[in-house]
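Working notes, beginning with the structure itself.
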Amino acid sequence: MRLTYLLLVGAPLVAALVAALVRPYLRGVGVAGALLSTLSLAAALRLAGQVLAGATPTWGPSDMMRVDALSVLLAVCVSFVAALAAWLGPGLGRDEHYTPAQARRFRIFSSLFAFTMLIAVTANNVAIMWVAVEATTIASALLIPLHVSKASVEASWKYILIGSVGIALAFVGTVLGYFDYVHLAGERESALNWTSLMAAAPSMHPRVMALAFVFIVIGYGTKAGLAPMHTWLPDAHAEAPAPLSAMMSGVLLAVALYAIIRWKVVVDLAVGSALPDRLLLVLGLASLAVAALSLVGQRQYKRLLAYSSIEHTGLMCVGLGLGPLGAFAALLHLVNHAVAKGMMFLLSGRILDRYHTTEMGEVSGLLRAMPVTGGLFAAGMLALAGLPPFGIFFSKLSLVRAGFATGHPWLMALVLVLLLAAVVAMLAQINRMLYGAPPAGVRVGESNRWGLVPLVLCAALLVAFGLGGFGAFQTLLDRAVEIVSR
Amino acid sequence: MPLPTGYTVAIAQTALALFLAPGLVGLIRWLKARLQNRRGAPVWQPYLELRKLFAKEVVVSSNASWLFRVAPFVVFASTVAVAFLVPVLAVPSPFDPVGDLLVVVYLLLLGTFFLALAGLDPGSAFGGMGSSREMTVAALSEPTVALAIFALALGAGSTNLGQIVARTMADPAAAVSPGYLLAFGALFVVTLAENGRLPVDNPATHLELTMIHEAMILEYSGRYLALIEWAAWLKVLLFFSLLGNLFVPWGVATVLTPSALGWALATLLAKLVVLAVVLAVFETRVAKLRLFRVPELLAVSFVLAVLAITVSFLVR
Amino acid sequence: MIFLLMVAGYLFGALAALLFARGWVARWLTAAGAIIGGACAVTLAVAEVFGFDIGSFQIIVVLARRPWWLQGGVIQDPAQPLSAVFLGVVGAIAIPAALYSIGYTRAWEGRRSLRMPGAMLNLFLLSMSLVPLAENILWFVLFWEGMAVTSYLLVMTEAEEPETVHAGNWYLGMTQFGLGFILAAFFLLLPPDGSGDFTALAKHAATLSPGLKSLVFVLALIGFGSKAGLVPLHVWLPSAHPAAPSHVSALMSGVMIKLGVYGVLLFGLRLLGGGPAWWGGLVLTLGAVSALLGVLYALMEHDLKRLLAYHSIENIGIIFIGVGAGMMFLSYDLPALAVLGFVGGLYHTINHACFKGLLFLGAGSVLHATHTRNMEEMGGLIKRMPRTALFFLVGAAAISALPPLNGFVSEWVVFQALLGGASIPQREVAVLMPIAVAMLALASGLAAACFVKAFGITFLGIARSHEAEQAREAPVSMQVAMAALALACVVLGAAAYAMVPALGRVVAGLAGLPPASAVTVSWSLRVPLSAPGAVGQISPLPILLGLALLLVAIPIGLWLSRASRALRVSDTWGCGRIAQTPRMQYTAAAFAEPLRRIFAALYRPTEDVSIDFHPESRYFVQSIAYRAHIIPWFERYLYDPVIDRVIAWAARVRAIQSGSLHAYLTYLVAALVIMLGLLMLWGS
Amino acid sequence: MDSAFGQLTVLGSSLVLLCGLTLLWRRGSAAHIGAFAAQSVALAATAGLIAVVTGSRELWVVAVILLGLKGILMPILLKRMDRRFGSPRELEPYVNTATSLVIGGLLVVLAYIVTWPILDVSRLPTRAGMPLAMGLIFVSLFVIISRKKALTQVIGFLALENGIALLAMLGTYGIPFIVEVGVFLDALMGFLVMQIVIYRIQETFESIDVEQLNRLSQ
């Protein structure tokens, strides 16, 4: 089991080291990295199996690493999207516009990025978790200007500054929590462990924990892209190379949300769930509103996708504020969104390669120019709109249901209205890209067909979630829900 | 009492209606001529017209399709079918359960529908104009008819003609109830509209700007025209006997004895003559309305019908 | 068993389309799957409604328990009568539509693959068949949305035209709009134990306060009304239905919107178990308004398929008149009349499915032959496509409520129900009924006028365009499909004796309605009326036979009589014109002109005529261009303002992303400070 | 003893806070860098003091690292950056100095309001300084908001980190060592990355005026 875990987090690290050591860049490095990322995915799945078997393994000095259903759920998502990015990222294909140097940089930092995220979701020690989340910023910030341009540099600066400040605030929260704990149970190496916090939570000081939670929510919320701290997100997602956008939008936000969830459980026990729930509902609704309205009249498709990420994170946030059923919806939504957004951003990369523009107005006839890509893009759109047979339909439905069941009809009415606006906006925008005739000078016909295989897999996965047969996945979700809402 | 005699009588009265129809129209024409100080054609002129038309050859437009040739038969058939349902002499006719007032109205609409199509078939501007106007008038007179039916049904508790007549005869007070009178007025206006009489349409003109019915059937000739004309005349008679027998049911035979039937025939003829005089006088007095004033007339009749309803609600 | 066969059939059809994608194999297999499914659906429905025993379908319930948090029933087992009716409607139209598609999609060969349309057609049919069978919120919504997304993709089949995309956006948008209300309605009924089972919902609903019940009903009415196309939620319908391939239009107009009716009945009768009179009054009013406005806008249409789409709004209105009347009678405890109203609504639902399906298929054949939907470019088609013309004529007569066809019979039942309204104790309410009667009568009269125009301008007269001259009769498969529906229009009219009591049994038991004692059936149809003991009665079959007899007898009589048999073919008489050209015919616009003037208050027509005269003399006109517009009230005064408002807000919100890093950081800190402040307040 | 110790720590932390306020008061990168260096030294000193009293070896190490990293290394790097970019004077800030100082004061008050209620949780003599640490956090946030030059913002961020470190020290005598190491690592890495990006900004925009970074909007 320890070996599995080492594989999970070690493989990306090794990949990063290999890429860093081998210079100049060789394509073999990229292939090795992709294989390693797949290995880590396999490890994640194996770990999931073991967790399902009832194990919650812990490692490291004073058990600072721990894997339970929730973390393994996230780990699977992270390693999946990471593998996706690794297989479709620069440095593998023959015909591509990345220099070896860029490919090398991508390989190093994307692997590190994956590594940090995996650490974050498997850390038992909340401070380690914080360190890892902060490290994600560092690892990803340098990848945004992979093609150096004024826009990309600007985006990365905004990302790193806002992100660091936010994360620093999260650390304030962490310190406050520790502060409270220490005076309850004295100093210990294991003091910052989530497990020990949970143990002590009921007798913790509500004022302190509430204060801590505010800092935590604002801090990690910044990384999760919750309004009004979301401002870095559209820029970063839009300017980053597609595989990185996929990782950031697909799982980085989820990891940040995961951190919030971990703390929320503790705070619920210490303060009672009324305050945390309300905080999350407010932030979630704000994000939903900002995102939905920003989608209307959006001009660039990558920004469109970025805002839709904010929208969906907001939805998850609302779900987390709505008790067990809401938590279930949120986690289900998290998984589906990871797959869907990963797919969409990678598709947007293909579109960019073909049309050489991010302006939606200049993209047309996608279905004719690239039938499969266009079809998948349409499917992803419908999935994000929450239509069957895609999984988000169920998560959306259970979210609304949770809202009504917990007695927030008006909140749900608002949510539904905002969702309507978002859906219509995305539909109108993306349809303009899909149909019509491709502009002159755009080559017709798919290129790099093998690159489509993983994306088709994603679509299939989304449908599978929608038809919802997975007993194992189901139980994993239920376990995770138990952790979130105890 | 669906006795075999019942059927014979029913069929007989239909035949009678068919036979009387031209005469009635001839009478109206003659009366109008008299009122306008003309000598006028003899009352039996329409019979002669029919004979002439049946004897003549048919000229069909080269553009016309099979529908053009079917339409006259549909029109005639639907009108005759109505004749089976309308109480001319005796009630209850064994055909009474077959159709009620609504069936009567929509059967007549069926005829109009096909006639309008036939008007469009040869592709002449007149036909189109006629159909367009005819359908407009027909559509606009529907609600009035429906409400008149509603008013009657309120009183009689049924939309079946036999029932209505029987009920009215049962309590004569109903006949003079304001609801009935208003409904009568409404239905009278509808009669004018549906049969293309003045002031809605001028049956005697062939000036294209004023034509409605005549424009629609402009392309017809020979036996086809005969069928259409005969159906139109029959329609007039049927409306008259509706007005006469629904609102003033006395004289209608309820038992099928020769004496009763004879009496019924006498009263029927009397009612027809009276109504013919009324119509003739009316048509002589009024001038034809502009097409776009017709809706106002129909609106008047609609208001009458609404009043009829409300009144009958109040007195209920 | 049959149920499984139905599902299998549809899935098989979908699979076939996906596998083969083109060629006659794909076309036939796709259609075959749909036909099998449809046949099974009809069998199930007939068995249920007319009460044969064909065994229930336990198996699927076991299969279907897989998805998440499903408590209680999943699929009705066996189908409830009410659901069975709608299931039957789906199947009954699925068969001809599928048959039709064989010929219709041949034109796509080479241009467009059958993969998407074929698969979606079958999945569309499948989800439509499952919607009425769903017995649980999740399943209902799942199938409902499945129906929406598949039909959306079908509408987008011919997305080359920009207006198709526009229609698709509107369509999916309105679908999601409606879904919101439906979800709210459902979840407000959610019992504490969270079971989404309909029986559980009904049980819980009984305990709710009247106010909440009314709220739920209104929400449901809005949600399902937007699918049914009730005014003012109809805006998507006239653009979406025509955009789809014709056999899909037939399904959408004939079947899909009916499921909106099912939804209203589901809530009004089954879940909420009836309610105050004003529910019925609201439904009745909306129905009447929809009926009238639908036909009035149809009159102004010269696009054949749009015209038909507007008539769907009209007929949905008629159906809702019946349903609304039924609900009112229910609340006044007049069960016999209530049954009559519901029966009228359901009967018209079935009939409209038939003739609207027929008409759309006919319009499809015309489109297939002339490649245009604009009536002004048609004419004279009756000579080139006689059979299509005949079938279309039957449909036109049926939708114009001309006896003895089915349209008349069901409208007659609705009429009778309204006439019975006189016996509502509250006079001020009772007065509503005659008004509805008048509107219904006007609507049907205008419908007749409209279809004289539709048929006359399209099929009669002289061809107005080259395409119309070159038109060819539709392929056999399409003809057979239309023939079947035409026959159905006749039979359903004559078979009223069988239909009406069966439908009476269907509604029996819902919301405490008695078994259909209301409608007694002998060789004639007897329905109760206001005065006790009095009845209104008609006998569709004798009417049919009588007319047929007369139509045979009269020509024979003429033949036997001494009447002349000579017939000469000559030119149309034209006041001495030399030659007659198509331009001299009445146009659709001209035909509708009188009504356009009469209802000017509604249309607010604006016309621009541009004449350019002959250089020599103003008495000679070289050309006249005439263009007329009418105000689309709802788009302009209801939807556009909302959309504009949202866009304005959006612009304001997008300003948040100003680009200034300092602003961003300020938001962050501001959020922190505000939260801390709130925390302080919360603490003290 | 305890009280004296408490007084001293409070003194140290107020020094740290003062250095923070200096960032608002003084203009010009050099002054800012100086202030930051001083702040870090004061922080290290406080850490050392606590280490003396509590005799915790780990805190000693922390203090040394603080001194080396933030007191010496980072200021040097910052100076080099500054020289590289020239433009000695700070651009006109959004909020003029006087107002900034007033706001700074208010922020400290806010920090008191926020932190005071939670002090009774702790029994440590050092806890009295925590509001000051919180104040420094707020003040440095304000610096980051209100100053235009990327360099100044970096300094503000570093000051923020100092504030957090101070908070941890006063509240809990520092967090577990292993975490502390991770935090330092992050701090260093973050700083380096920021430096890289700033160089990028310099070479793409020919300036490090953050106000020019407004291409991306909506």
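When the chains are written out, they are named A, B, C and D in that same order, and each has its own residue count from 1.
Here is the rule we use: a contact is a pair of C-beta atoms (placed from the backbone, for glycine too) under 8 Å apart; a residue touches a chain by one contact, two chains touch by 3 or more.
Nothing here was measured: the structure is a model prediction, and the numbers come from that model.
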{"item": "Pair of chains with maximal C-beta contact number", "value": "B-C"}
{"item": "Averaged-CA centre spacing for the pair chain C and chain B, given as whole angstrom", "value": "35"}
{"item": "Whole-Å gap separating chain C and chain D, where each centre is the average of the chain's CA atoms", "value": "70"}
{"item": "Intercentroid distance (Cα basis), chain C paired with chain A, Å", "value": "44"}
{"item": "Chain centre separation in whole Å, for chain B relative to chain A (CA means)", "value": "78"}
{"item": "Residues of chain D whose C-beta touches two or more other chains", "value": "114, 117, 141, 144, 210, 213-216, 218"}
{"item": "Interface hub residues of chain A, defined as touching at least two other chains", "value": "157-158, 161, 165, 207, 211, 234, 294, 298"}
{"item": "Pairs of chains, among all present, that meet the touch criterion", "value": "A-C, A-D, B-C, C-D"}
{"item": "In the complex with chain C, residue positions of chain B that touch it", "value": "54-67, 73-74, 76-78, 80-81, 84, 97-100, 102-103, 106-107, 109-110, 112-113, 116-117, 119-125, 127-129, 131-133, 135-136, 138-143, 145-147, 149-150, 153-154, 156-160, 163, 167, 218-219, 222-223, 226-227, 291-292, 295, 302, 305-306, 309-310, 313, 316"}
{"item": "Of all residues in chain C, those that touch chain A in their complex", "value": "66-69, 137-138, 141-142, 145-146, 148-149, 156, 159-160, 162, 165, 168-169, 172-173, 176-177, 180, 183-184, 187-188, 190, 194, 196, 646-647, 649-651, 653-654, 656-657, 661, 663-665, 667-668, 670-672, 675-676, 679, 682-683"}
{"item": "Contact set on chain D toward chain A in their complex", "value": "114, 117-118, 121-124, 137, 141, 144, 150, 153, 157, 160-161, 164, 167-168, 171-173, 175-176, 178-179, 182-183, 185-186, 189-190, 193-194, 196-198, 200-201, 204-205, 210, 213-216, 218"}
{"item": "Residues of chain A touching chain D in the complex", "value": "61, 64, 125, 127-128, 131, 134-135, 137-138, 141-142, 145, 148-151, 153-158, 160-161, 164-165, 168, 171-172, 175-176, 178-180, 182-183, 187, 189, 191-192, 205, 207-208, 211, 234-235, 238-239, 294, 298-299, 303"}
{"item": "Contacting residues of chain D [partner chain C, same complex]", "value": "94, 110, 113-114, 117, 141-142, 144-146, 148, 210-211, 213-218"}
